[in-house]
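Okay, so subunit A shows up in both of these, paired with subunit B first and subunit C after.
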Partner chain A sequence: MAEPGTLTGPAPAVAPPEDERPAGRRSGVLGAYRALLGAQARSQAAYRTSFVVDLVGNVGATVFDVVTVLVLFGVTRELGGFTLHEALVIVGLSSFAFATADLLVGNIERLPRYVRTGLFDAVLVRPLAALPQLLLMDLPLRKVSRVVFGLAVLVASVTSAGIHWTAGRVALVLVAPLAGVVFFGAIFVTTSTVSFYWIDSGELANSVTYGGRDFTSYPVTVYGGWFRALFAYGMGFAFVSYHPALALLGRADPLGLPGWVGWAAPGVALVAAAIAALAWRVGIRHYRSTGS
Partner chain B sequence: MSVIEMSGLRKEFTVRVKVGRLRREKRVVTAVDGIDLRVERGEMLGYIGPNGAGKSTTLKMLTGVLMPSAGEARVCGLRPVAERTRLAMRIGVVFGQRSQLWWDLPLRDSFDLLRHVYRVPAGEHATRLARCRDLLDLDEFLDTPVRQLSLGQRMRGELTAALLHSPEVLFLDEPTIGLDVVSKQAVRGFLAELGRAGDTTLVLTTHDLADIERLCHRLVVIDHGRVVHDGSIAALHSRYGSRRMVVAELDAVLSEPPELPGAPLQRVEADGHRLVFALESATVAEVVAGLAGLATLRDISIVEPDIEEVVARLYRAPVEVGGAAVTGAP
Partner chain C sequence: MGSVTATVAPPTDSNVTRWFRTFGAIAVSGFRRYATYRQAAVAGVVTNTVFGFLRYYIFLAAAGASGRVAGYDRGQLATYVWVGQGLLAVIAIWGWTELADRIRTGEIAADLLRPVHPVTSYLATDLGRAGFAALSRLVPPVLIGLLLFDVYLPRRWATLPLFVLSVLLAVVACFGCRYLVNATAYWLQDVRGPLILWTLFSGVLAGLYFPLGFLPGWLEALLRYGTPFPSLLQIPLDVLVERHPVPTQVGLVGVQVGWTVALLALCRLVQRRAERRLVVQGG
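After this line comes the complex of A and B, so read on.
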């Protein structure tokens, strides 16, 4: 048996370490997250064939969103007062934002499973924030294909919609999709926190996240009454694709809101992110763990 | 300053219980009911109790996983939930039923990842890993994906993972649960070595009291969320009058029960072929000598004080909970 003293005591100087960096605390944390991401990539590579199958299969869901809109325009020339090209800008913004948020944050909907399997406890006893750890340790890289497809739809639609490009609109076309990502990410996190209180709340969360995606694929003018009021403005989904699309296309809002509303998307996204962060912090303090 | 301090620590859970067909009632369950405890640096504390006594809940409050309902806990001078990430750098945690390792990667990769997570300089990390590889015989499965490890191998990996950042306090929740005898011995031997080094504080919950007998000088028994015993194992034995036993198997049945000074006869089993004596003041040699004069001994064995039995008796003792006497699970 070796002398165990050094197990816990300060390590004696041995051969000079290859990659010892006197890095600051901040870069150490980033290095830790990078390592977690690398581990997730290697874990998925362990199942190479199923990864490729998933990669292809995942495009399907997003293609379906676009096909639905195309089919609708096969029977009508206008949808809620929008032409096909205009509607596709909305679809593009929505698809890209949702696909990217789903890639980066979507796995948090598996929080109940993390709680049951004990991963959540394991994450909490490590010297890193819990949410980024969970996101990186289970990042579904196979969903990258959806993001690529969503981006393709977005680029194709904004280039073919006859947009009159100004500096402001160029900025908006870059910022609005990112704001949409942040917004959907916030929705994913906020709804997932419900399972801190009720462990089997997955379906409720899904109805908001996936319902939100479907909602943002169409002009809000196709919806009516309290439903529109709740999803579009109560929850803010109108700021993901509808209002930014109006601003890009230079169209007045048929519902009468002023033109600057389209530029409010980043602000709405930040508010949503702040609410999500708060919900997460409160939720984690209500966390009950499992029996053992 | 104590490494661990708990004062009036409480944890309540609200559960919804079905009453009738549709109605559900909210009920408050107290998992930890006001625990006051101090643990000093280098102590090895056995923390035991029946299922649902609040062992794991206490550990989760000390490691920052669960927020206490009331009372206060300090570990290494830090508030576990509020200063969770700072505390995490200074403690190691092994949950027997959950893993710190990466399922699909070789064990070696998990250790390397944890080096990044805990920001341990590569040199220190390499030295500690080398010690663990040596003490826990990790070499033969270091390159095996964790999902393919046996439970015993995985647990040795978990122990290593919890120690690579040189924690001041090591929390172990059921570290030997489900392990075979050999693996249990390996884990206990390793923890004993760790304790001998003296600077790691160890808090261990277990169902296997052999873990405690082997490792811990101090034993805290909790039941219904309260401390019902805090002291040495010897103190527990003397308090509940448990002693070592000598079991003698005889070839022939004695006509009358033998009288051995300092070793009263406890039980007669197997139609008189097996006699059980309690060792009070007599030694084993004296009992054997005394018996040898009376009959032919076929076999003799010594049973260590059955702490299990003592603890079972302790659990059965009524505990005052919320004004009503509640009897613990047998």
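After this line comes the complex of A and C, so read on.
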């Protein structure tokens, strides 16, 4: 991948991708990742009170997202043409997918700080791929509570929404949340690569990651104009929760897309993942250290 | 001033002009300091704008076909959202850990040696920061609202001065809350817990995720009088969109005055108690 000829300027160190390494080192690599993860788990568990507070705080954020939906339904019977039970299926799909992606990949949002402080240089000179290192360096185990809550909302909503279960829908209810996880993971990685080009991008990535979470928590019919077109179909957020929920509920899309679109979620997620991988590789090649 | 603290006593000729000059100088330096983070301001504006769109459409959906909900019509909701997205940065509701960091590292010792009370000097800096934020973070979302949406414009002459006063009070009250949250570092060292709780509750109880009018009336009243949160965001916005008649508008600003005075007094009390027990590890 990293041909020396393509590097210009003060040579940024680029870690060779894993698949170019001799096969004999594969087990050593896995061992190194396991050691990184173990060290993380131990260090986070060491401050027990902080860890418990973090667990509670993290679940609280997702709880308030659901509370917000309930409050909105306190002043209206329908939101964008959907009842509370239908809307909760959308909320469940969205919050489980986001929480799980945030647990596994969300840490990448620290990349701007790593780039600014130069820590990213240290990551690159290690003989491991950069992305897995970054994710394992600070795997936020505290976010597990959020995943559990998201799953609970998902299970409660799909069992109480009066879904007419067929074999296909059972398959969809299992695959769609996982596709959502892959999709949000891809969004996290893609948006983080902005910091390779714009060091001080700060919370810019949040507008798409957390913005996407809020966007997918409501039926797409709520939004309007080019904003809906951009987020729902330009970026593909409609395939995280809205279209799968329509397919599960057996509802026609008020916006007129055919019913099979709900089943396209895994395909969209894979495309998003491919784009994320590409953006990451291009970004790393472009990376210049901030110097010291 | 004339407070009892561990700081060096202010110069004896502490007349009002002198105090204001110091306060102004610190505020100006706060303005200039935050004015250097221009890229971050741009990124922040983009993020606030995206969430502005989200909140606008969601609140509008809650208003349904009638276009009215909890005393707001569509235009008032638009103003509520777009001005709210700007005010968020002016009051700096999230992300301020400077005091806690300085307490943890011991740098707070330098602040205590200064002839200005820490609450006063941090407040002055924060007002300077808010001044820059009003230009860089409040104006853009308001312009977007004006250009793209049918926002409600105030109709009473008294609203604008009341709104300016209300925002000023919200900035000071929010500073007071953040100072108290940060000051827990004097006792806890690690303020992550209090910070998480603050982040969690401030957004929802200040009226950011939804106007508190969406809640049952008794609950809104309880939050308004019993907690400082609505004074940070909801009240300035309600004043601006003229949700209530003039006397109530004035009364709401009065509630803010009460909370602001109480919070600042509490800050000074907490600071005094903290200084009595503070041990800065030498080095």
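Definition applied: the second predicted complex is superposed on the first by the 261 of 292 C-alpha atoms of A that agree within 3 Å, B and C clash if a C-alpha of one lies under 4 Å from a C-alpha of the other, contacts with A are read in each partner's own complex, and residues count from 1 in each chain.
By our rule, a residue touches a chain if its C-beta (ideal position, glycine included) is under 8 Å from a C-beta of that chain, and two chains touch if they have at least 3 such contacts.
Here the structure is a predicted model, which is why all the values come from computation and not from measurement.
> Classify the contacts of A:Gly31 with the two partner chains as first (subunit B alone), second (subunit C alone), both, or neither.
After superposition on chain A, A:Gly31 lies in contact with subunit B alone.
> After superposition on the shared chain, which partner residues are touched by A:Ala39: those of subunit B (first), subunit C (second), both, or neither?
Once the two structures are laid over each other on A, A:Ala39 reaches subunit B alone.
> Tell me the contact category for A:Leu124 with respect to subunit B and subunit C: first, second, both or neither.
Only subunit B is touched by A:Leu124; subunit C is not.
> Pick one for A:Arg285: touches subunit B only (first), subunit C only (second), both, or neither.
A:Arg285 sits against subunit B, while subunit C stays out of touch.
> More residues of subunit A are touched by which chain, subunit B or subunit C?
B
> Who does A:Phe215 touch here: subunit B (first), subunit C (second), both, or neither?
The answer is second: A:Phe215 touches subunit C but not subunit B.
> Shared contact residues on subunit A, subunit B side and subunit C side combined as an intersection?
Dual-contact residues (subunit A): 47.
> For the complex, which residues does subunit A have touching subunit B?
For subunit A paired with subunit B, touching residues are 1-2, 4-20, 23, 25, 28-29, 31-32, 34-36, 39, 42-43, 46-47, 117-119, 121-122, 124-129, 285-289, 291-292.
> Over in the complex, which subunit C residues touch subunit A? Could you list them?
Spelled out, the residues of subunit C in touch with subunit A are 37, 39-40, 43-44, 46-47, 49-51, 53-54, 57-58, 60-64, 69-70, 190, 192-193, 196-197, 199-200, 203-204, 209-210, 214-215.
> Using the touch definition up top, name the residues of subunit B that touch subunit A in the complex.
13, 52, 56-57, 60, 63-67, 81, 84-86, 88-89, 91, 93, 95, 97-100, 102-105, 109, 112-113, 116-119, 121-124, 126-128, 131-132, 134-135, 145, 163, 166-167, 173-174, 193-194, 196-197, 199-200
> For a test of understanding, state which residues of subunit A touch subunit C in their complex under the given definition.
Residues in contact with subunit C: 47, 49-50, 53-54, 56-58, 60-61, 64, 67-68, 71-72, 74-76, 78-80, 198-204, 206-208, 211, 214-215, 218, 222-224, 227-228.
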